[in-house]
Amino acid sequence: MIKIGIVGLGRIGKVHLHNIQHHIVEAQVVAACSRSEQSLDYAKQFGIEKLFTSYEKMLSEGGIDAVVVASPTALHFEHLKLAIAAQKHIFCEKPIDLSIENILEIKRHLSASQIKFMLGFNRRFDPNILKIKKELKDGRLGRTQSVKLISRDPGPPPMEFIKTSGGLFLDMAIHDFDLARHLMGSEVTQVFTTAGIFGQLPLETVGDVDTAVSVLKFEDNSFATIENSRNSSYGYDQRVEVFGDKGLVSSQNKSDDTVSFADQKGFLHPKPMKFFIERYKESYLNILNSFVQCLVNDTVPELSFEDGLRSMAISLAAKKSSEENRVVLLSEIV
Amino acid sequence: MIKIGIVGLGRIGKVHLHNIQHHIVEAQVVAACSRSEQSLDYAKQFGIEKLFTSYEKMLSEGGIDAVVVASPTALHFEHLKLAIAAQKHIFCEKPIDLSIENILEIKRHLSASQIKFMLGFNRRFDPNILKIKKELKDGRLGRTQSVKLISRDPGPPPMEFIKTSGGLFLDMAIHDFDLARHLMGSEVTQVFTTAGIFGQLPLETVGDVDTAVSVLKFEDNSFATIENSRNSSYGYDQRVEVFGDKGLVSSQNKSDDTVSFADQKGFLHPKPMKFFIERYKESYLNILNSFVQCLVNDTVPELSFEDGLRSMAISLAAKKSSEENRVVLLSEIV
Amino acid sequence: MIKIGIVGLGRIGKVHLHNIQHHIVEAQVVAACSRSEQSLDYAKQFGIEKLFTSYEKMLSEGGIDAVVVASPTALHFEHLKLAIAAQKHIFCEKPIDLSIENILEIKRHLSASQIKFMLGFNRRFDPNILKIKKELKDGRLGRTQSVKLISRDPGPPPMEFIKTSGGLFLDMAIHDFDLARHLMGSEVTQVFTTAGIFGQLPLETVGDVDTAVSVLKFEDNSFATIENSRNSSYGYDQRVEVFGDKGLVSSQNKSDDTVSFADQKGFLHPKPMKFFIERYKESYLNILNSFVQCLVNDTVPELSFEDGLRSMAISLAAKKSSEENRVVLLSEIV
Amino acid sequence: MIKIGIVGLGRIGKVHLHNIQHHIVEAQVVAACSRSEQSLDYAKQFGIEKLFTSYEKMLSEGGIDAVVVASPTALHFEHLKLAIAAQKHIFCEKPIDLSIENILEIKRHLSASQIKFMLGFNRRFDPNILKIKKELKDGRLGRTQSVKLISRDPGPPPMEFIKTSGGLFLDMAIHDFDLARHLMGSEVTQVFTTAGIFGQLPLETVGDVDTAVSVLKFEDNSFATIENSRNSSYGYDQRVEVFGDKGLVSSQNKSDDTVSFADQKGFLHPKPMKFFIERYKESYLNILNSFVQCLVNDTVPELSFEDGLRSMAISLAAKKSSEENRVVLLSEIV
């Protein structure tokens, strides 16, 4: 039985807590750390007895094998360093950090340790993506030529969040950049991005955008096109298409039901699922389970620290490209 | 070059005229007969020089090999007898006649002749149906167990038409009964139909209905369910499904375009095509072409007189079943 | 907190146990009864301490407010009588019993008590059905004319099960008969069913069939067509369509993912979800939750004992109709 | 009655000839010019009596009001100049010419004349595109943010054709560039294109590619992403999506039928229509009809010479961008 401590009990932290306690047999959350009393009360309902307001105490006194880092991004750097020092295995929410320097420092610490580290790019574990990746691995598409991702949010987060999140490229598009790398199985060499502001938020005041299209080029000459928007009037749009010599594999949006209504206007089909918590429900469970299996079976995590670093670099390249209206090489970034 | 005379230049007659003149290389309409001067003027535009108000004269002086009978149903009996006497090959719109006795009389005359006769159950030649029939013939479904037809009109015809058409079972459902026989490749032994009036027309005054569901049983124990309505608020609904041991083959409605519109209400897809003239456009051309090929190559028509007789009998059985609320055996009818 | 005892820990019993323990806040399973030690061990994992091999003991010593009856159908009669005698609220899996007499006896006992009884027609609580029912209630379809249900299993149960289940009409089609009643909001007056054996099982030896089509007529003149098969080669097929004056509402199958693959053969879309446990997952949770809410808020259950009786009567009428090849009135049954 | 002469009776020339003779009431092809005797024989079948091997003779002796230029691109320059000199109205297949200089010269001649000129960007007249454009004009999407075009051919043309066609950007993608301009209603300011060779043809020997993705930026800050391939294993892929503040409008591929087949592998839906002749059948008729209406009613053609020039410039910019791996401004081209 793997004993887990969790730090951060916001929206995502609660998802992980629920999943581990109810659905993962080989692990249990035994300790939780939060500055919010309400959150600690919440944790109690899941049978957790060791509740901490100090993260360091949880590491030293929690009796845990691994830590789930679901704290705000700004705290990741500190939380990761301490977890490594305490020799705990780590599941960390994305992004690792907003600074490449910090990421590289954590990388050095990790390399010198025996710690298993897994990054929370949960979408890789979505049933659609798992199936697409399997078809690609099985060679069903022949040589893959391009991938297209459409990723549009049903509405923007508050300005407060955006100010510290790193903006569209670092908090949102990074998922898509990771997926593109993952599906194509090749490394990105250059990025061209064009972006703009179409919604109501004063994003120009924080140097952010709400809409972007990015073209990534990979080492094997394949490419990706990624469309992002924070303002999708028709809901959370999450589609993937991979085009290869022998075929096309694509995933459509999922809906809460399959009911359509027909009248003289036509056939009305349901909207996509509300947002990521609902849409990627299975993937949050699957990724945590994958992490636990690594610890149980002493295997290499499917999502490495390097994956976090590379996607961050693509995000920074995309931002730079959109600002300078030119192709940016990844070698300029890291 | 097959020389054709056409009698009746209503909606369907014009479709056949257009198709033969513009799309069928081996045949030409050289003579036309109508009581309406306007219709004869219309025919002139298609290069037809021999225009008649007398059907008998067209048969004797038109210099034709075959006649397309597109006159009102009430005239079919007379028009068919005269065409047989004149030894002309015949393409006849459905239904042959509303009386089984008349149909059997025509059958006797035909049997004693060398005339090729083809009935206008055009839907058999719809690309969807052609493909489904081919898959059935190829054994892709294994043993066929059942067929389901949904056939709903976007609105009822005028009462005037209904009074002489024979009503829902004889002017509308007969197409579906024929399709069911055609697809299952077996003969119907019994019918159960339940029906009612849901629309605004005073159909009870003419002993008709606007909505019905029929269950046909075939000699091979397979069955058909057929749903008919004259009042489809969402347009002309024409769907087919055949269920067999090894799979399901189904056809969906066709639309004028494939454009959808998404907003906060969902995804709105287009309505079905307007009505039969638009929806079955290809089938009208295909069936006439099939008839012409029979004449050119001296082969047996794909749709026989017997097909007309059998479908008529099912229609009459369905009507009787709905009136008496009981299973009606086909042997009670003919 | 509602305290629940569960009897029967087969496939469905486990589903209910899991749902109550993990997802329903206001209730807890505190006692379980089974003759199988393995099942009781399973129950222990969910924190249940009161484990019984005697059902009567669970009723008297379990300290429970309500019982979930998930035992084999043949035991329902006894289990229900005892629960009523012990004054426990009851959630009972369908069917209540295979004999109308037994059902009527239970009905009498219940009527004389204050017990809340809910029957496990879970599909009414499927998100698709909930949405369709809401649209009907809201009058979006105007007057409803007909409902069509397609309900095909991916494969037959073992002969052993069929021998005691009552066969296709009583163990499988009963769900669809209930749904038809529920959606149309009217009572069935007559049934016509035609049925047959198309699969490999020797069903004729037990007087059963594997394929049927039923036409139900309702008091308000609307009707239902229901197609059932035990042998769907393409998976578990569960579709609903309701046709009304103002529109058509329909639900399609659900799949595990939305990934399609295109090559020179066409676009291959995924099969339906495996079987009822997967397909109706949400509905099992929703119905138990609805039952618990009735107890918490002292309200009338949405699914009454009468619902169980009526659907059973339709099932028996359908069986009789298929055997005698005639329309059967519900008044002949009960 | 508009009298038309046609030059060039290849694949597209024949389509126009057929459409005018059979479907356009207000015009007639009265003269045809070709160097191929076979083609002239073909024209005869459509009732054309004035057949020419000399284009100049057709202009002077054909008795025509307008000319349809369907000759090879390399002859357009000469054929256009002569038609202008002869004061004939012109319908010209795309592209006008491969050289910007030639195009500008024709433009000068045209400006000095009263001639109506229409360019053959037929896809604008596809029912899908007409509907999308209407919805955009009606403001249903609010402010349009981006358009996405997927345009993949089922196979490459022969190397012989490619050598003189101008390659992927000038013979194929130019349609999509025109559509993007048309739908967005704004002018392109810059292009970024990345391209490659994935198929078997030795395209590097002629400086061409078979696969490309282009990002266009418009004056109003909206953008387009366009994916082109010559090698679609699953058939001719033609999709459009426009994303705006208030919704998303999209068109899917069209198929010859709507028949699907389901078995244990899933649901197989039909491939897209074969290629452009089949897929854009209606648009070829609609565009010619639009041209004829301009002549009949003396109105301005919906597709101007300028449209041809602009799309050509985008094509050249895309080619340059892909060769130099950088953003190319339209102002660098013309």
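The first chain written gets the first letter, and so on, giving A, B, C and D; residue counts start at 1 in each chain.
Just so it is clear, a contact is a pair of C-beta atoms (placed from the backbone, for glycine too) under 8 Å apart; a residue touches a chain by one contact, two chains touch by 3 or more.
Just so it is clear, the model here is predicted, and its values are computed rather than measured.
In summary, the pair subunit B and subunit C forms a contact in which both copies contribute largely the same residue numbers, shared numbers making up over half of all those used.
More C-beta pairs touch across one of B-D and C-D than the other; that pair is B-D. Across the assembly, the mean Cα position most removed from that of subunit A is the one of B. The mean-CA centres of subunit B and subunit C are about 43 angstrom from one another, to the nearest whole unit.
Chain centres here are Cα averages; for subunit B and subunit D they lie 40 Å apart.
Rounded to a whole number, the gap between the C-alpha centres of subunit C and subunit D is 58 angstrom. Residues of subunit A in contact with two or more other chains: 233-234, 246-248, 262-263. Of all residues in subunit B, only 142-143, 145-146, 148, 152, 190, 192, 194, 196, 198, 211, 213, 215, 217, 221, 223, 225, 227, 229, 231-234, 237, 243-248, 325-327 touch subunit C in the complex they form.
Of all residues in subunit B, only 22, 127-128, 131-132, 135, 140, 246-254, 256-263 touch subunit D in the complex they form.
Within the complex formed with subunit D, the residues of subunit C that make contact are 233-235, 262-271.
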